[in-house]
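Each structure below appears as structure tokens.
Each of the two complexes below includes chain A, the first together with chain B, the second together with chain C.
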Partner chain A sequence: MPEPDPFDARVRAAVHGFADQAQTSVDAAATAAEAIRRGQAGRHTWLGHTVPVPISILIVLVLLVPAVAVSIGVGAAWYQQGRVLPVAVPSPTPSLTPTPSPLPSPLPSPDGEGDEAVAGAEVVTVSTSPAETVVGDVTRQRDGVVATRASMNDFRVDGNGTWQFSADLRSGTGPAWGPYQLETTAGAWEGTCTGSLWADGAGGTRSCWLVGSGDYDGYTYYVSATWSDKRGDVRGVIYPGSPPAP
Partner chain B sequence: MTRNVAIATSVVEQAVAGDAIAFARIVAAYHEDMIRVAYVVSGGSQDIADDAVQSAWAAAWRKLGSLRDPDRLKPWLVTVAANEARQLCRRRRTRSVVEIDVGRTALGMADPAEPDPADRAVALDLERALRHLSADERTLLALRYEAGLDSSEIGALLGRPSATVRWRLSRLMTRLRMELSDA
Partner chain C sequence: MRTRMILALAAAGMLAAACASGATQAPSTAPTPAPSVTAAPSQSAPPSDPTAAPTATPVQQTDGEGDEVVVGKLENATVTKEYTEQQVGDVLQYRDGLLTGAQTMNDPRVTGSAQWEINLDLYTKAARQWGAYTLTNDGGSWAGSCTGGAWADEPSKGPGNFAWGCWLTGSGDYEGYTFYQTVIREAYGDAIVHGMIYKGAPPTA
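For the complex of A and B:
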């Protein structure tokens, strides 16, 4: 069993001693009554059931929805009456043409060659905590390391990454930057990222210009990632050539 | 100190159903724990602690039904109180007045019941350091050391990864060590 840290015990005692100074006496009935009174302002019931919005808003919604539906129906009928509509001729055989999706596919399917728009997800973990110095209200973080595991739709950018980051944070939020390397089975991508961190790094963004090596020699991978609570979305582009000159 | 007061699940269920007396029993059981945590988060402001806990009770009344595990009532309540205190601190941008018990330290009038004046000096330095932390940082310390929650519980209640909580607590302890060694 590990020995308790004496400093940990001192902090615990100090926090308890600090809390001992609080006045904790309470009239429980009065406090509960006041809480219920204040709580009722945010607790709405209808026919004995708790509902998430005030009853007045519910009534407006109940009246508004049929009115909008009627309006749309009347409007559509009027619109159709004013136009000469083609006569629908039923097709003798079912059409084999696929019905287009209401939303276009966001990205083309990758073929793992040449230029490509890529997408995927990543898991982000802090593998080395940064060194910190506090200057005024800025916490300067230097040389922390974030490990990323990207699962992408193109094997060329599917792999493990390392971002050696620095950041200047005010109240846990601020810009971040540093070199990034992504290792994959057939090569690697290296370059620099700039971005931002918030909630002391629990969330962040990162945009990187990465130059390929190994099988990806001569290619550039531009990637943008946004993550929160360890999980992030990744979008990027692979193309032959170099990053643009600044 | 962390108190162990148990409230029966049935009392929680009655309060969820709208029973004001059951709710008052919960208030009587946990108000002290919540005030103590809110007081630490506020950096020693009784006003903020009182207001935060009253707001926390109102929130608890509204949201008690969303508590999945009635056995976790106390951690949930103290976290609600800590969050309310933290938000009040941000709104009021309170700068705490550092109060030091001059009569018992500078004048050397140590209480004979206390073991070692050096320990007391360290405790005072720690208290002073606590007052100079941000409300977010004091929230972590309050939940860890006053409420006795571990990093996983704090993370779950604050909606943050437990690794982040561990990391921030570790950084905090390092800072406190450094500040005290510089003092």
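For the complex of A and C:
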């Protein structure tokens, strides 16, 4: 072993000053052998093949990769597009007041000539509140006005209507009646409706026999409407004749 | 040490994946469908034959007293008297037919056996219709008339679809009461009834 230079001699003395018997000499051959042994100990084998890491880590990675992929995929914005996530909606409170049943889709648009079955929807709005008098347990409503906007599959009955109604209501429910007029672009329909109101008029039904004028002269339009919360279903027929005799 | 860190990260990753997947699962509380009256369409339908299968969804029952708003269906129509048919000008006239059926409502006072008369003037596909109507059960009966329109979606099936309005007055336990109903049948399917029972007479207007 060569004689250390003066610097090494001072370092050796300093180390010996901190730790008695400290070994400061280096055996290069022993150090190299130890390094080779450690390198061999870091290698792993699986099914006869050498792998760089322990097999347990490989298994964890195999499980982790698809899990992360699913997580990213499901949470991604593109996956959410077009999906409506269900929202917890409270069950509607049962009510004695029937709402219009989900009738089948309106009939196809007819040719607007001759006799036809017609279907559509309407918006119902009280435009003039009726005068009210109470007689016993009945509230008499007189001369109220309901405005209707009918969107029908036949242009001959597609238009704005006015029902001047009267009703006798007990606890908000009772019969209703009055003249009705429906204006359209090429003519009008006039006649009388009878029916019922409930929930103080929030819902109701009416059946009307209407006689045409203008382009609809000589025709009759029978309309049956049921509504709730201002919106209703309308069904009826148009034909070239008069209403049935009472 | 490094192995333990990788295992911890893997567990965290799988937990995050599970949470993300769970975020899109449906809550257990689903909307409750609205009550409705449904029935299967009939295969063959004479005029005003509201045949329908008894598959109604339950509707909340009333207490069967006083004024009530009611809903239900008319089904199992059977011709008890054949109607006559006669072509008069452009109109095919059906006269004096009689049908019976079962009316099932959410109020026992208007649930029972129905009978109605068929009078109908058919143009080409639409018609005016009118006739007497009675509804009978153990408590009494309701009698009056219906008017309305009828139509044929398919010429071979006849004008078996209709929309009626009926004013009926009670007798027996229903004396002094009126039952107003609208009955609508479409696509040879359901005959759905909406109506109202109230104390008093029909309007005179």
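In the analysis below, the second predicted complex is superposed on the first by the 137 of 246 C-alpha atoms of A that agree within 3 Å, B and C clash if a C-alpha of one lies under 4 Å from a C-alpha of the other, contacts with A are read in each partner's own complex, and residues count from 1 in each chain.
Note that in this section a residue touches a chain if its C-beta (ideal position, glycine included) is under 8 Å from a C-beta of that chain, and two chains touch if they have at least 3 such contacts.
This is a predicted model, so every value here is computed, not measured.
**Q** Which partner chains sit in contact with A:V237 here, chain B, chain C, both or neither? Use first/second/both/neither.
**A** After superposition on chain A, A:V237 lies in contact with chain C alone.
**Q** Give the label of whichever partner, chain B or chain C, reaches more residues of chain A.
**A** Looking at chain B versus chain C, the one contacting more residues of chain A is C.
**Q** Under the stated touch criterion, which partner chain does A:D200 make contact with: chain B (first), chain C (second), both, or neither?
**A** Touch partner of A:D200: chain B, not chain C.
**Q** Taking the superposition as given, does A:E132 touch the first partner, chain B, the second, chain C, both, or neither?
**A** The first partner, chain B, only.
**Q** Applying the document's definition of touch, where does A:D229 land relative to chain B and chain C: first, second, both, or neither?
**A** Only chain B; A:D229 stays clear of chain C.
**Q** So, does A:R149 touch the first partner chain B, the second partner chain C, both, or neither?
**A** Touch partners of A:R149: none, neither chain B nor chain C.
**Q** Where on chain A do chain B and chain C both make contact?
**A** On chain A, the overlap between the chain B and chain C contacts is residues 171.
**Q** Under the stated contact criterion, what part of chain C meets chain A in this complex?
**A** 3, 6-7, 9-10, 13-14, 16-21, 23-24, 26-27, 29-32, 34-37, 59-60, 62, 67-71, 90-91, 119, 121, 123-130, 147-151, 153, 161, 163-165, 167, 178, 180, 182, 184, 186-187, 189-190, 192, 194-196, 198-200, 202-203, 205
**Q** Would you tell me which residues of chain A are touching chain B in their complex?
**A** The touching residues are 7-8, 10-24, 26, 28-29, 31-36, 38-39, 42-43, 50, 125-126, 129, 132, 134, 171-172, 199-202, 229-230.
**Q** Of all residues in chain A, which touch chain C in the complex?
**A** 54, 56-57, 60-61, 63-64, 67-68, 70-71, 74-75, 83, 85-92, 94-104, 107, 114-117, 119, 138, 166, 168, 170-171, 173-178, 192, 194-196, 198, 203, 205-207, 209, 220, 222, 224, 226, 235-241, 243-244
**Q** For chain B, which residues are in contact with chain A within the complex?
**A** Residues 1, 20, 23-28, 31-32, 35-40, 44, 46, 49, 54-55, 57-62, 65, 122-123, 126-127, 130, 134, 136, 141-142, 145-146, 160-161, 163-164, 167-168, 170-171, 173, 175-177.
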